[in-house]
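In what follows, chain A forms one complex with chain B and a second complex with chain C.
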Partner chain A sequence: MRREWEARIDSVAAQFVLGEAATVAPAAEALAWMRQEAGREGWEEIARLAARIAERMASSPQWHTEGALAEGLDKLRRAVEAATAGDAPAAGKPPNELAQDPGLVGDFILETREHLISIENDLLTLDREPSQPEALHSIFRSFHTVKGLAGFLEFDAVRSLAHEVETILDLARNQQLAITATVIDVVLESADYLKQEMNRLEAGLAGAAAGEAAAVDALIVRVQSLNRTSVAAPQPVLAAPPEAVTDAVTGTATEAVTGAVPEAAPAAAPATPEPSPAAPGAQPPAAAPAAVQASAEKFSVRVDTQKLDHLLDMVGEMVIAQSMVRQDPELAGLRSPRVTRNLTQLSRVTDEVQKTAMAMRMMPVGQLFHRVARLVRDLSRKMNKPAGLELSGEDTQIDKTIVEELADPMMHMVRNSLDHGIEPVAARLAAGKSESARISLRATHQAGHILIEIEDDGRGLDRDKILAKARGRGLVGEGHTPSDNEVYNLIFEPGFSTAAAVTDVSGRGVGMDVVRRQVAKLRGRIDIHSEPGKGTVFQLKLPLTLAIIDGLVVGVGGERYIVPIFAVQEMFRPTPGMLSSVKGQGEMAMVRNRLLPVVRLHNRFSVTPRTQEASESLFVVAETGGRRFCLMVDEFIGKQEVVIKSLGEGMKNIPGVAGGAILGDGRVGLILDLEGVYGEHTLA
Partner chain B sequence: MTATVSDNKATAGQATDHRSGKYLAFHLGNEEFGIQVMKVREIMGVQDITAVPHTPHHTKGVINLRGKVIPVIDLRVKFGLEEVPYTQRTCIIVVQVKGDHASTLQMGIVVDGVSEVLNLTAADVEDTPDFGTGVETRGLLGMAKLKGKVKILLDIDHVLTAHDLTSLQEALR
Partner chain C sequence: MAYDVLIVDDSPAMRSFIGRVLGLTGMEIGERLEAGHGREALEILGRSWVDVILTDINMPVMNGEEFLAHVAARGDLKAVPVVVVSTDSTGTRVERMMSLGAKGYVKKPFSPESLREELERVLEVSHG
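Our next item is the complex of A and B:
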C-alpha cells in the first residue's frame, strides 16, 4: 500500500527531475490515481493536494521549473507518509536499495559536482552583477536538480538543504528577496557543504567507512533566516491566503510565501511563480532565454578514461603502421602517382584522427580560473582588500590532467598576490591607485605550449628585501650580485618568506615551493616579471598535454632512449682536450667555461656501448633540478614526438626511467628520467 | 606469426576438478609445461625486446603489443635453466595475470616453443609430488600424464606476480 503510493509520487517527482524533457501524461496519470485512491480512503487533504498539483501542471507549460509545485509534491509525500504510517514496518522505513547502488550513487556524485561547479560560477557572476536573471535561474535549476536526485536516492541532508536554498532562490527570482552579499555567502556555503557531502559519499563508495553526514541543521536554519528577513522586508506584497498560513505543515513563515501555491485557492495560484504583476516590468520572461541557452549548449558524452586511452594507443599504432606503409621500399619502387596520392590522403586522415583523439583529453582552462575566482572573492573579503578579477582565454584547451594538477599552484600564486602583492586600501590610495585591486588571469597558446599569466597591480616584488633575506639565510653569498630573475626565483625556495608574520593565508614559505615543484612535475617553467609599485606577473609555460613528449632519440649500443627535449641544452661531440677526470673516477667536461660532470649512460643502464671512447661518442648537455651535466651516448638518431606509456605494474619507479614510448619502427624506447639518471650518479 | 587463441575458452566441464580443461603446452629444454588456455591472450614470434635497466635478470624488457607496452619474462631464466639463444621456434606467450589490487595485467613469457593445446580431464591430473625441501612447488597446479610423458601444469598467476617483480626491484636498490 505505502509502497504503491511512494512509487506514484516518485514517478511524478521523476518528471520534475527530467526538467525540459518532462511530460505531463505520466505524472497526471499518477496524480489521478492518487486522487481517486485518497478519495476512497477518505484522506481529504491528500486528494485535495493531488488535485491541485494536477491542475497546476495542466495549466502552466513551465511547470517543471516551478519550485512551488515540487514543494507541493513534497507536502503530498509527507501527508501520504503520515496517512500510511500505520502500514509501514515498525522498524522504520526499509533500507533504501537505490542508495546502495554504487552506479547510481556514482552518477549522482558526478552530476552533483558538475552542478556545483556551475553554481559557483553563476554565483560569482551574480556577485558582480546582481541583476543577472540568467545566472539566478541557472543556479535555481541546478539546486532543483540536485534536490530531485538526492530525494530520489534519499540523501536527506542534501535534499533538505537544497530544498531550502531553492526556496530562497525562488524568492529572489520573484524579486521578493534582494541578492545581497550575505545571500551569496550563505548559498556558497551551502554549495561547499554539498561538495563535502559528495566527497564523503565518494569515500563511502570507495569502501572507506562513510562517516555520518555532517550536521546540516545549523546551515539550514541560516538559509531559512534569510527567508524570514525577506518576508519582513518591504517587498512587493503578496497577500498570503489565510488558508496557507493556517496550513502549518512546517510552521515557518517560509511556507506562507513559497509553499502557498499548491494549497492556496486556485484564484491565488498564479501569483507566485510567474513574474508577479507587482514586480517591475524589467524582469524578462524567465523561461524563454533559458530554453534558448539550453539548446545552444553543446552536447557531450562521458567516456571511461580507459577507453579513451585505448583509443589513443590504437591511433598511435595506426600512425606507425601508416608511416611503415608509406616508407615501404617496395611501394616507393612502384613510382605510381596514384599510390602516392592515396598514401598522402591516408596520412592526412591519420594525422587528423590523431589530433582529434588527442583533443578528447583536453578541456578548457576556464574551470580552473573559476576556482580561482572563488578564492579571490573569499580572500579579498577576509583581508579587506577589495579586488576584481579579470579573466581572458578561458576557452583555451589544455590537458585534463594538467588542469587538475595546476589547481594547487594557481591557488598559491593568487594567494601570494593578494597577501604580499596587493597593498592595503590606504596604501593603494596613497600611491594614487584605485581602491580596488586588479588581478588578471590570462591563458593563451604559444608555439605548442600554453602560457598562463597571473598579474596583479600591487606593489611588486621587493628586490632588496628578498635579497637581504636570502643573504641572511646564506642562499646568496656576500659580494655576489644576482640578476633580477635570480632574485625573483628565490621566492620559490622552500621555507622562504619575506612576510613578517605568519597568517592563516600565507607567510610560511610553503606555497611557492609547492608551485615550483608542481610546475616542474608538469614539465613546465615559471617566470616572474615585476616592477616596483606597478605589480607582478607570474608566467607559467606548460606543455599542452602530458601524454606526448618532444624527445631526442639517442642510441647506446643496440638500445634507444628518449631524452626529453625541454631538459636538453645542447649536444656536441667532445674533443679530448675538454675532458678531465677527478681522482681517476669522476669524469668532467669543460663546456663553455663551466665544468660539468659526465654521466655515461651505458654504465648507468649496464648496456654494452658501441664505444668506450668519449671522443667518439656524443655528449648531451642536460639540465635537471637546476644542475647541468653531460650525458654520454653513442649516437643521435633523431627528434620525435612520442606518446608516453607506462611500463606497467611492477616496472614503476625504475631509477632513471620515466616510461616507455613506441618509436617509429614499432619498437619500444625508454624515456629517460634525467633526475634519476643524474641522481644515481651522485650516489655512485 | 601471431595467433590469437583467446577465443578457445576452456569449455570442458570443471565440475570434477578445477584443474581439468584446456591447456597450452610448451617446452623449455626437455621439460614440458602447460598453462591454462584461459590465461593466454596470444602467441607471437620473438621480436625486438627493449631492455629495461635495474630489473631482475629474468625480466628481458618490454615489447610493444599493439600500442601497449608490456613486460617480457624469460621463463628459462626465471626457472633457473640454462639460457639459450633465441631461435625460429622461440615464442612469446602473452598471458593475462592477476596484479595488485584485483587488477589484471598482461605479460609476455619467452618459451622455447609451443606444441599443442591439451584437453585434460580430472583423471589426467595428479597432485604435485612432495619433493621435500629445495623444490619450489607453489607455482605448480599439478602434473599431467599424457602418452607416457609428464607435463608440468603451471599456476601462471603465482609464477609471474607483479609482487615478485617489485620485491626483487626493491631488493636491488
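Our next item is the complex of A and C:
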C-alpha cells in the first residue's frame, strides 16, 4: 500500500522538479489515481488534497510555482504516511508474528501454489477464448486471495504485485480493458514471479538462507502500463453498453464492481451444488478445474507425502502378512469353516484398504497437461508457428510420482513436436494443411496401465534422413533394412538428432534418449507411430502406480526373480534348432524369424541353475529400451502383484536389480531391472 | 465468558490467519468454527452455537452479501453479530453489508488490537 503511494508521490515530485509542461499528463494521471485510491480508502482529506493539487497543476503553466506544488505534495505525503501508519510494518506488531510461524507460511505457500495452478489454466483458457467470464473471474479471485494472505504476512512484494494484477483484472472484468495476448503475457509473468517467490519462501522454511525477495518493481510498472495503453487506445473490442463504461470511468466505479457480482454468481453456480457425475466431461475446460476446486475444498485434508508413503509401505506389509497368514499350512490344516470365512473377510478388507491407500497417491494427469499447454503457447509464439492444443482424459488418475517425473519428458516431446514436427506456416499452407497446427494430448486408462498419447499433425518423421544418419554413425549396418518402427526408435539413441540446425528450442541431440530412460525408470514404455506428411504420435504406456508391480515370478536354482510383466512379450521352451552362437555376439535364439540375444540369468547373479542346457530351460522374451532379448530361467512359478520394497542404501545401485519383494509364500524375490540385466550382458 | 467464533472465508490459509490473530487478541475464544462459504456457514449455524461471525465478502457458492441476507432472515440469529472482514472493498460495498445487517467491519490485514476493538464493540463487552 504505502510503497505504491510513495512511488507515485515521488514520480509526481520528480515531474514538478523538472517543471516540464509535457510531463503534466502523467503527473495528472498519478494524482487521479491517488484521488481515487484515497476515495476507496475513505481518506477524504487526502482525496481532496490530491484533487486540489491536480487542479492547480492543470491551470496555465505560468502559475506553476514549483515551491507551492512541492509543498502541497509534501503535505500529501505526510497525510498518506499518517493514514497508512495503521498497516505499516511497525516493529513488534503481531502480523510479523504470523510470518514467523512456519505452519502459517506453509499454508500460504501451499494455497498460493494451488491458486497459481488454476491461474495458469484459466489464463490459457482466456488465451483461447478472451471472453470467458468465469476464467477471468477466477483469476481475479485467486490474485485477490493471494494479496490478502500476503498482506497478513507482510510479504510486500507479493502483495503489491498481486494488487496491481488484481486492479488490471478488475478493469477487464468491467470491460474497461481488453484481454490481449500482452495482458496474458504479463499476468503469466506475474504468476511466474509468485511461483519463484513461493520457492524462495519454501527454501527459507527449510532452513536455507532465503535471501531477499526478487526485484518486483519493474514487473509492477509493466502491469500498471497495461492499464495505460488500454486507456490511451480506443476500445473497439468492448461490447459493453457505453453508459456502463462512462459510469465506471467517472469514479462511480463501485457500481461496476458490485454490478459484476450477480453476474459472476450464476456463472459459478454450476460448480457449486453437489457435483453431478455427468457434468465434468461435458463442461468447457475452464469450468472443470473450478468445479474440482469447489468440491474438493470442502472435504480435503492436506497430508505430508512422506506420511502417505509410509502408510503405503505399511499397507504393503499388511497385505503380505495377510497373505502369509492365509497361506499358512497349519491354519489350512484346521479346515475350520469359521477360520476360512474370517480369513476371507480379512483379505477383502485388506484389499480395500490397499486400494484406498493407493488412490490417495493418485492425482489427475490434467495438471501435467496444463503445464504442457503453457509450453505450447509460449513456444508457438516464440517460433511463430500457431498451434492449438487439444486435451482429453485430463481426469485420468495416475500416481503422483509418475505425474511429477513425467513432466520433463513430456515437455521435451512436445518441444520436439513443435520444433521439428510442425512445419512453418508457409510449408503447412503449401501442403494443404490449416495454418494453425494441432497438438493433442490424450490420457486413457487401459487394463492395468495408463496410455498417454502426444500427437501432432506435422510433417512426420523422415525415415530416410534418420536411416542415413544412423548408417553414418554405424548404428545400422549397410545391408540391413530395418522396419519403420525400428527406424523411428533410433531417435531415442543417445546423441541422435536429425535437426539440420540447432535451434535454441531443441535439436542439440540431448533429450530423446533421456526421455526413453526416464520413461523406462517409471517402468513404462514409449512407442512411435508416424506417417509422412500427416504427423507423429508418441505413445507412453505407464503403470498406474509405482508401489506395486505386476510381475512374472521365475525361478533360477533356489532363487526367485520377478520380471515386470509389461516388458514380457512371450515365454516358451526353446528347441535346440532355435539356438545358435554368433561370433562376437554370443548366444542367439531365432524367435519369430528374428535373431535375439540370449541372457542367462544365472550368469548375471552367479547362481547355480537347475540346468545349463538351454533346451531344458525356459525363455522369457523381454523388451527394454527398444531392444528385445531372451532371458533364460529355470522355471515359471506364477504371476503375482508384488509390493516393491527398497533394498536399502547399501544395496541400492546393484545393476539389474530394481528392488525386492516379499512373495506370497513369505520368500524374498528380487525384482529385475531389465535394462540393467541386458546392459550387463552387452558389457560382458 | 469464552466466545465461540465462526470464520467464513473461502481461503483455508486466510481462516488460519484470522484464527491466529484472534488468538493474539487476548480475548477468551471458545470454539473456533470455519466455513468456506455462506452456505456452509449456514449449515454450521444450524447445528452449533456461535457468538460472533467473521465473514469475507467475495466467496464462491454463497458470497457474503447473500449470506448476510440469509442470516438477517433467520429469527434465531438476530443476536449473533456479524463482522465483515474483507481485503479492500469499496465504501458502498461495505455500506451495503452494513445495511444488510452487519454490525462491524475490519479491513484485512488487521492487527489483533483493531480486531479486539471491533469485536468488543459488536459484542458489547464492557471494559473494566
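We take it that the second predicted complex is superposed on the first by the 361 of 684 C-alpha atoms of A that agree within 3 Å, B and C clash if a C-alpha of one lies under 4 Å from a C-alpha of the other, contacts with A are read in each partner's own complex, and residues count from 1 in each chain.
We adopt the following convention: a contact is a pair of C-beta atoms (placed from the backbone, for glycine too) under 8 Å apart; a residue touches a chain by one contact, two chains touch by 3 or more.
Quick caveat, the model's predicted, so the values are computed rather than measured.
*Asks:* Residues of chain A touched: more by chain B or chain C?
*Replies:* With both complexes superposed on chain A, more residues of chain A are touched by C.
*Asks:* Using the superposition on chain A described above, determine whether A:E478 touches chain B (first), chain C (second), both, or neither.
*Replies:* neither
*Asks:* Could you tell me if A:D304 is touching chain B, chain C, both of them or neither one (first, second, both, neither)?
*Replies:* In the superposed model, A:D304 contacts neither chain B nor chain C.
*Asks:* By the touch definition at the top of the document, which applies to A:D107: first (chain B), second (chain C), both, or neither?
*Replies:* After superposition on chain A, A:D107 lies in contact with chain C alone.
*Asks:* Taking the contacts chain A makes with chain B in one complex and with chain C in the other, which residues are shared?
*Replies:* Looking at chain A, the two contact sets are disjoint.
*Asks:* Considering the complex alone, what residue numbers of chain C touch chain A?
*Replies:* Per the touch definition, chain C meets chain A at residues 10-14, 16-17, 20-21, 24, 36, 39-40, 58, 60-61, 63, 65-66, 87-88, 90-93, 96, 108-109, 111-112, 114.
*Asks:* Looking at the complex, which residues from chain A come into contact with chain C?
*Replies:* Spelled out, the residues of chain A in touch with chain C are 39-40, 42, 86-87, 93-95, 97-98, 101, 103-104, 107-108, 110-111, 141, 144-145, 147-149, 151-154, 253-255, 257-258, 261, 265, 268, 271-272, 294, 297-298.
*Asks:* Tell me, which parts of chain B touch chain A in their complex?
*Replies:* Those in contact with chain A are residues 48, 50-55, 59, 61-64, 66-71, 99-100, 103, 105-107, 162-163, 165-166, 169, 173.
*Asks:* Across the complex, what residues on chain A touch chain B?
*Replies:* 313-314, 316-317, 559-560, 604-607, 645-651, 653-657, 660, 662, 666-670
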